[in-house]
Amino acid sequence: MERFFTIFGSIDRRVIFLLIGLSVLIPLIKPDWVELPIKIDNNTQIVYDSIADLNEGDRVLLSFEYGASTKPEVHPMAVAVLKHLFSKGIKVYIVSLWPEGPIMAKLAMDEIIASNLFNIEDGKDYVMFDYKVGGSIVIKNIADDFRGIYKQDYNKIPIETLPIMQGIYNVQDFDFVFDFSAGVPGNAEWVQYACDPKEVPLSSGCTSIMVTDAIPYVESGQLRGILAGMPGAAEYEKMVYEYLSNELVNNNKYINQNANIDKGKAFARMSAQSVAHLLMVIFIILGNLSYYYERRKKG
Amino acid sequence: MFIKRQLAIIVMMSMGFLALSGYFLNFSVLREFTDRDAPQWYMIIAGFAAFLGCLNLLQLHIQKVVNKQKNWQYSIFTLLGFIIMIVFAFVYKNVDTPWGPHLKDENSSFYWMYNFIYLPLASTMFALLAFFVASASYRAFRIRNFEATLLLISGVLLMLGRVPIGAIIPWWVVVIMYVSFLFAMIASKIKNRKVFFISFICVNLLCLFLGFQLEWNTSTPLFLLIPSIQEWIMAVPATAGSRAIMIGIALGIVAQSFRIITGRERSILGD
Amino acid sequence: MIFNFEIIGVWVLVLMTLCILSYLYGDNPFYKISEHIFVGVSAGYVFALVWWDQIWPNLFGRLFPEYVGAGFEFSPIYIIPLILGIFMLFRLIPSLSWLARIAIAYIVGMAAGLKFYVYINSNILMQIQNSAIDLSKSGGEIFNHILILLGVFSALVYFFFSKEHKGTVGAISKIGIYFLMIKFGASFGFAVMGRISLLIGRFEDLISYSSYQYNYATPIILISMIVILGIWSFQSSETKK
């Protein structure tokens, strides 16, 4: 036993790499080998309830602050939130504060349109804007004077001619702000520069790494819940999937009756995530056992 | 010389005052500038700062190639990557979309470069860290003292509690974890190892017996469910720690801003 | 055999992904090349985007409204940010680099002015306000509130360096460390979670591109890379000897 752990302590790190790789790869190739039920986290529930409380025709500003590097974590949230919003007949306004934001937003919208779930029209039900440099200053500008920075949508159509833009002058004209973030600028800047001073409800979906830094805002209500990384996305996807399936039966007028509702991307990835986490925990335990025996040997 | 040394500081101080005044003064001409033009200018100058970064990088790699410094061959790939992106952004676009929106047109050459080169490189670069985090936690996450134990327990509970697997861990495993933690804390107080192990097993059995008696099988209390423990850790102790860090950083930033606005902080300009 | 720009793209994508992953074996030319390409391409990407999304419409759109057609009116005052922006670029010329300081001063000064207020408001006052104990809540919640207050206070005492951490101050700051450790543990857990999620994303791509539809891109590139890496490491160990 003792020898096993001492040998284990000096294992080549490439073996660990290989095991981690396999723990992710196998559940992805064979998803039915490990199937686990998803439990909804309290903060995800708060996000869901906040959006569920919005009314038909409300205006929601979505801010895209992530890129290719964090797409697997944040993108599924964006798609799920968009589905939830459109199914309630809510108007969606998309801005981007990261260089890759517009592309991510477009990919998410393309996915929504391709799903054929909703009869939505660009410029009437949703509108997208280009990337702006400046981070927190752009947020401050959106808070004070939206039309000062955005004169045209991403199709270069003047916003005066867009029906969806009627009555939008600053952040207070939105009923809710939702931020998808992966760093700076991100949800902290939205809290500080726009939503706290102007008292607009804000919620966020972010990468796992940002969660502990944002959690004081969540507990104080400055953020209405938070979607934390891929598990947060999977939980939200599950809730939206159940909601949409239910609404389809109830003949929701915003949902196409002949469309297929899919479960979403993050949902399917949860078993791989779980297995990898379990393996990490096993590594930590084994590492500590070998540390214990090593120390005992040294006396 | 005045212009060389003082002008920048004057600009810095007056911009600081102007920006701050936007929150306190309601003077329309001033508000017009602080709310509209000043941020616009900021964004434009920030844009030029981004150009500066790119040009600086370019300069660095050109120098590397020209002087044939160590590993200069690789710098050619950097330069090539940059030039190709610039060509597809300003010279050749391959689609009828006007200049500008063509960056986001799926059929443009620029988008092709983004989608098939930039995207995989960026995302794999970040994903690579998964392996190193694993090997680091195996090597470095050791129970050395009470602080390290707290760190480890909170990390492990979070890893398990935040994913579906946490919900299927039964209550008795959690009971054993609690007892183990308790005994780890008092381990140094009990010298006799035999007594220690026997009492450890007895307490475990007692708690499990109690659990079966109270029917925790059917109605598990929240403190024995990993996801609930994780939620509590996030909501209470982790929030307290994060909030203290948040307040600490904010105090630092406010003090620094004050020094900038009053012109005391000059190192930031490269003085 | 299917052949078009998308297929070439997929092959390039798989190659780039595997080049970066090859770092797991050790530092090698594949990784170095892809890393350098990444730096160049991302710089080019940011350059293009900043120009077309920001400078062109928001600056030149105001200086030459008819030519650019970004919907802004002619405002000659925007010559000032243009000049400041050009000053910024002078940083590259040593004899004129002092001009860049004026542009930097604008950015720094303005950011400081804005931060001064927002940090006091959102990160200090509101956080203190929300650390208060609400006695109208249930017993469990009051306990949690007390714990949060205790944690915030003790951790702040730990950050307070003007007094030596001895006696009562030392004891309180010790409790502060415990709260901070739990926070860091949680941060670590979340960091692991994030990295694994990103890895899942990459592996999903690699799996989907190993099909016939993409001419078996992943397995072919993977095997060829392993072979080349094997030869390379064999050769470099030979030269070392």
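Letters are used for the chains, namely A, B and C, taken in the order the chains are written, and counting of residues starts over at 1 for each.
In this section, contacts are C-beta pairs under 8 Å (C-beta built on N, C-alpha and C of every residue); 3 or more make two chains touch, one makes a residue touch a chain.
If you're wondering where the values come from, they're calculated on a predicted model, not measured in any experiment.
Visitor: Which chain's centre, taken as the mean of its Cα atoms, is farthest from the centre of chain B?
Guide: Looking at centroid distances, A is the chain farthest away.
Visitor: By the contact definition above, name the pair with the higher C-beta contact count: A-B or B-C.
Guide: Answer by contact count: B-C.
Visitor: Could you state the distance in Å from the CA-based centre of chain A to that of chain B?
Guide: The separation of the two C-alpha centroids amounts to 15 Å.
Visitor: Measuring centre to centre with CA averages, how many angstrom lie between chain B and chain C?
Guide: It comes to 7 Å between the two C-alpha centres.
Visitor: If I count partner chains per residue in chain B, which residues reach a count of at least 2?
Guide: 39-40, 42-43, 46-47, 50, 100, 114, 118-120, 122-123, 125-126, 130-131, 134, 137, 152, 155-156, 159, 162-163, 234-235, 238-239, 242-243, 245-246 - these are the residues of chain B that touch more than one other chain.
Visitor: If I count partner chains per residue in chain C, which residues reach a count of at least 2?
Guide: 24, 45-46, 49-50, 53-54, 57-58, 110-111, 114, 119, 123, 127, 148, 183, 186, 190-193, 196, 198-199, 201-202 - these are the residues of chain C that touch more than one other chain.
Visitor: Which residue numbers or ranges of chain A touch two or more of the other chains?
Guide: Only 17, 20-21, 24, 69-72, 102, 132-133, 137, 140, 149, 211-213, 216, 219, 228-229, 231, 273, 276-277, 280 qualify.
Visitor: For the complex, give me every residue of chain A touching chain C.
Guide: It comes out as residues 14, 17, 20-21, 24-25, 28-29, 69-73, 99, 102, 130-133, 136-137, 140, 149, 151-152, 158-159, 191-193, 196-197, 207-209, 211-213, 216-217, 219-222, 228-231, 269, 272-273, 276-277, 280.
Visitor: In the complex formed with chain A, which residues of chain B make contact?
Guide: 35-36, 39-40, 42-43, 46-47, 50, 98, 100-101, 104, 111, 114, 118-120, 122-123, 125-126, 130-131, 134-135, 137-139, 141-143, 152, 155-156, 159-160, 162-168, 227, 231, 234-235, 238-239, 242-243, 245-246
Visitor: Can you check the complex and tell me which residues of chain C touch chain A?
Guide: Listed in rising order, the residues are 24-25, 45-46, 49-50, 53-54, 57-58, 61, 70-72, 110-111, 114, 118-119, 121-123, 126-127, 129-130, 148, 183, 186-187, 190-194, 196-204, 207.
Visitor: Given the complex with chain B, which residues does chain A contribute to the contact?
Guide: Chain A reaches chain B through residues 13, 16-17, 20-21, 24, 36-39, 41-43, 67-72, 102-103, 106, 132-135, 137-138, 140-141, 144-145, 148-149, 154-156, 211-213, 215-216, 219, 228-229, 231, 270-271, 273-281, 283-284, 286-288, 291.
Visitor: Sort out for me which residues of chain C touch chain B in the complex.
Guide: 5, 9-10, 12-14, 16-17, 20-21, 23-24, 32-59, 77-78, 80-82, 84-86, 88-89, 91-92, 98, 100-117, 119-120, 123-124, 127-128, 131, 144, 147-152, 154-156, 158-159, 176-186, 188-193, 195-196, 198-199, 201-202, 205
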